[in-house]
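Structure first, commentary second.
Naming follows writing order (A, B, C, D, E and F), and every chain is counted from residue 1.
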Amino acid sequence: MQEQRELQSRLEKKQMKDFMGVYSRLVQRCFDDCVNDFTSKSLLPKEEGCIMRCVDKYFKGTERLQTRFQELNAQMVQQGNALPGR
Amino acid sequence: MSFLFGQRPQPSSAEKIAAAEAEVEMVSDMFNRLSDSCHRKCVPADYREGELNKGESVCLDRCASKFFDVNIKVSEKMQSQAAAGGGAGGMGAMGGI
Amino acid sequence: MSFLFGQRPQPSSAEKIAAAEAEVEMVSDMFNRLSDSCHRKCVPADYREGELNKGESVCLDRCASKFFDVNIKVSEKMQSQAAAGGGAGGMGAMGGI
Amino acid sequence: MQEQRELQSRLEKKQMKDFMGVYSRLVQRCFDDCVNDFTSKSLLPKEEGCIMRCVDKYFKGTERLQTRFQELNAQMVQQGNALPGR
Amino acid sequence: MQEQRELQSRLEKKQMKDFMGVYSRLVQRCFDDCVNDFTSKSLLPKEEGCIMRCVDKYFKGTERLQTRFQELNAQMVQQGNALPGR
Amino acid sequence: MSFLFGQRPQPSSAEKIAAAEAEVEMVSDMFNRLSDSCHRKCVPADYREGELNKGESVCLDRCASKFFDVNIKVSEKMQSQAAAGGGAGGMGAMGGI
């Protein structure tokens, strides 16, 4: 009971941390791919456009991969083939 | 990734939590790696549009599937090596503590 | 990065610490990424001298500024998407626990 | 005494985490190096062969590096040259 | 009060960890950029020179970026434009 | 990596554990970086056979040795700079807490 609450609370922290991780990796990835001109100190319009499309694409990609990942995980647990379940 | 944690008996409740946490962390680390690799392999870095196009979507699906297969292959290989006795390292005591 | 944490009410004191810690960790993770990207983009890997020259210094300044802008743009975009309801994923329950 | 047990338990967690880290970096490295064809959703035989050799090689390399690392570490502690020991 | 001390202590650990992180990333970066000859087992003089300049440059760059980062962060908090402060 | 932790007095027992943990973490982080760099530099990514060949083995040995040397050089340099007073940054208080 208390064990479950403890686990729950840690999982929430983990999820928060995961989200932060996705967020900051996304910022870095889009920055790296879209920003390569350092003759100005503000984002150029074409860089800003690139960033926006990059974010959109990255999130859609991440959602898609999450769905696949969960399906594959569920499938694997169900089959349990050669792989001892818990 | 539960197959990696299936062999050992897990007695105390603090240990159960630790094992569950380790598993969650492993799963999410694995997902992050899958995501990094598959984005890199399937989504070109020019971002002409914000949508995933058909080719990218299919590529991501197959990439996830193949990454999973690799994960399973590697895990099987390590289990059979471990069963065959030793091998494959284990990160023993490193450093000077 | 405080803008990312501004919306929610934060009641208990243990939660306050956890939130503050999460923020510090986020800020320093962000700084590390900025630092990696900007060093890579602005400082050539041949190291002819130990000083930063003028061009490298200016490049680092602008790089930091642009990285920050990207951070703000992404955060605004995510907030407006979240406000518009759902979208943008959230790392839901992953894996098989 | 209790301090030692505490430390011991944390070191065990650390070792587990280290092993997990080696494992997941290995999966990513071998995937990145061996899998580049996404016209099918299952591993091709040549990809599978590459993965198996990659895993073998990576583990052998890691073991070798560990041995070297420990030798070098021991050597450094022993000499303590210019470097204050604990 | 006690809450503050707790936070303080964790922040100190965090700072230590951050410093370690900067240190080890620096070692890897300078190694990767400066050392590419494995016909000998000791550093060549030109590799050693490269390492020293790399460390100097990396630290100066990091300090500069830190200053910028803090300015930009302060500026953003002050403006609070569109971005809700705490 | 113990040389990095040798200077300070470490009083309380909680602090001793924290310091020991920090050291272990540092050592294993360093090993992971060494391992990544040396595999990349010494082992070609085509995997024609599962064995390490002679050239790869020797390269890994030398690579480990050189990585270690770099670690020592950098540590010495930082200690002498710290002794010379300040310099070398320290990750001061970052961000807006």
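Assume a residue touches a chain if its C-beta (ideal position, glycine included) is under 8 Å from a C-beta of that chain, and two chains touch if they have at least 3 such contacts.
What you see is a predicted model, and the numbers here were worked out from it, not measured in a lab.
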What shortest step count links chain D and chain F in the network of chain contacts? 1
Could you tell me which chain lies farthest from chain B when each chain's centre is the average position of its Cα atoms? E
Chain separated most widely from chain F, comparing mean CA positions: A
If you average the Cα atoms of chain C and of chain F to get two centres, how far apart are those centres in Å? 25
Would you mind pulling out the distance in Å between where the CA atoms of chain C average out and where those of chain E do? 15
Contacts with two or more other chains, residues of chain D listed in rising order: 11, 18, 21-22, 25, 34, 52, 55, 62, 66, 69, 73, 77
If a residue has to touch 2 or more other chains to count, which residues of chain C qualify? 1-2, 20, 24-25, 27-28, 31, 36, 42, 61, 65, 91, 94-97
Across the complex, what residues on chain D touch chain B? 11, 13, 15-28, 30-32, 34-36, 38-43, 47-48, 51-52, 55, 59, 62-63, 66, 69-70, 73-74, 77
In the complex, go through chain F and note every residue touching chain E. 4, 18, 22, 25-26, 29-30, 33, 36-37, 41-42, 58-59, 61-63, 65-67, 69-71, 73-74, 77-78, 87-92, 94-97
Within the complex, chain B is touched by chain A residues 3, 6-7, 10-11, 14, 18, 21-22, 25, 29, 33-34, 50, 52-58, 60-62, 64-66, 68-69, 72-73, 76-77, 82-86
Under the definition above, what is the set of chain C residues touching chain E in their complex? 1-3, 5-7, 13, 16-17, 20-21, 24-25, 27-28, 31-32, 34-36, 38-39, 42-43, 45-52, 56-57, 60-61, 64-65, 68, 72, 75-76
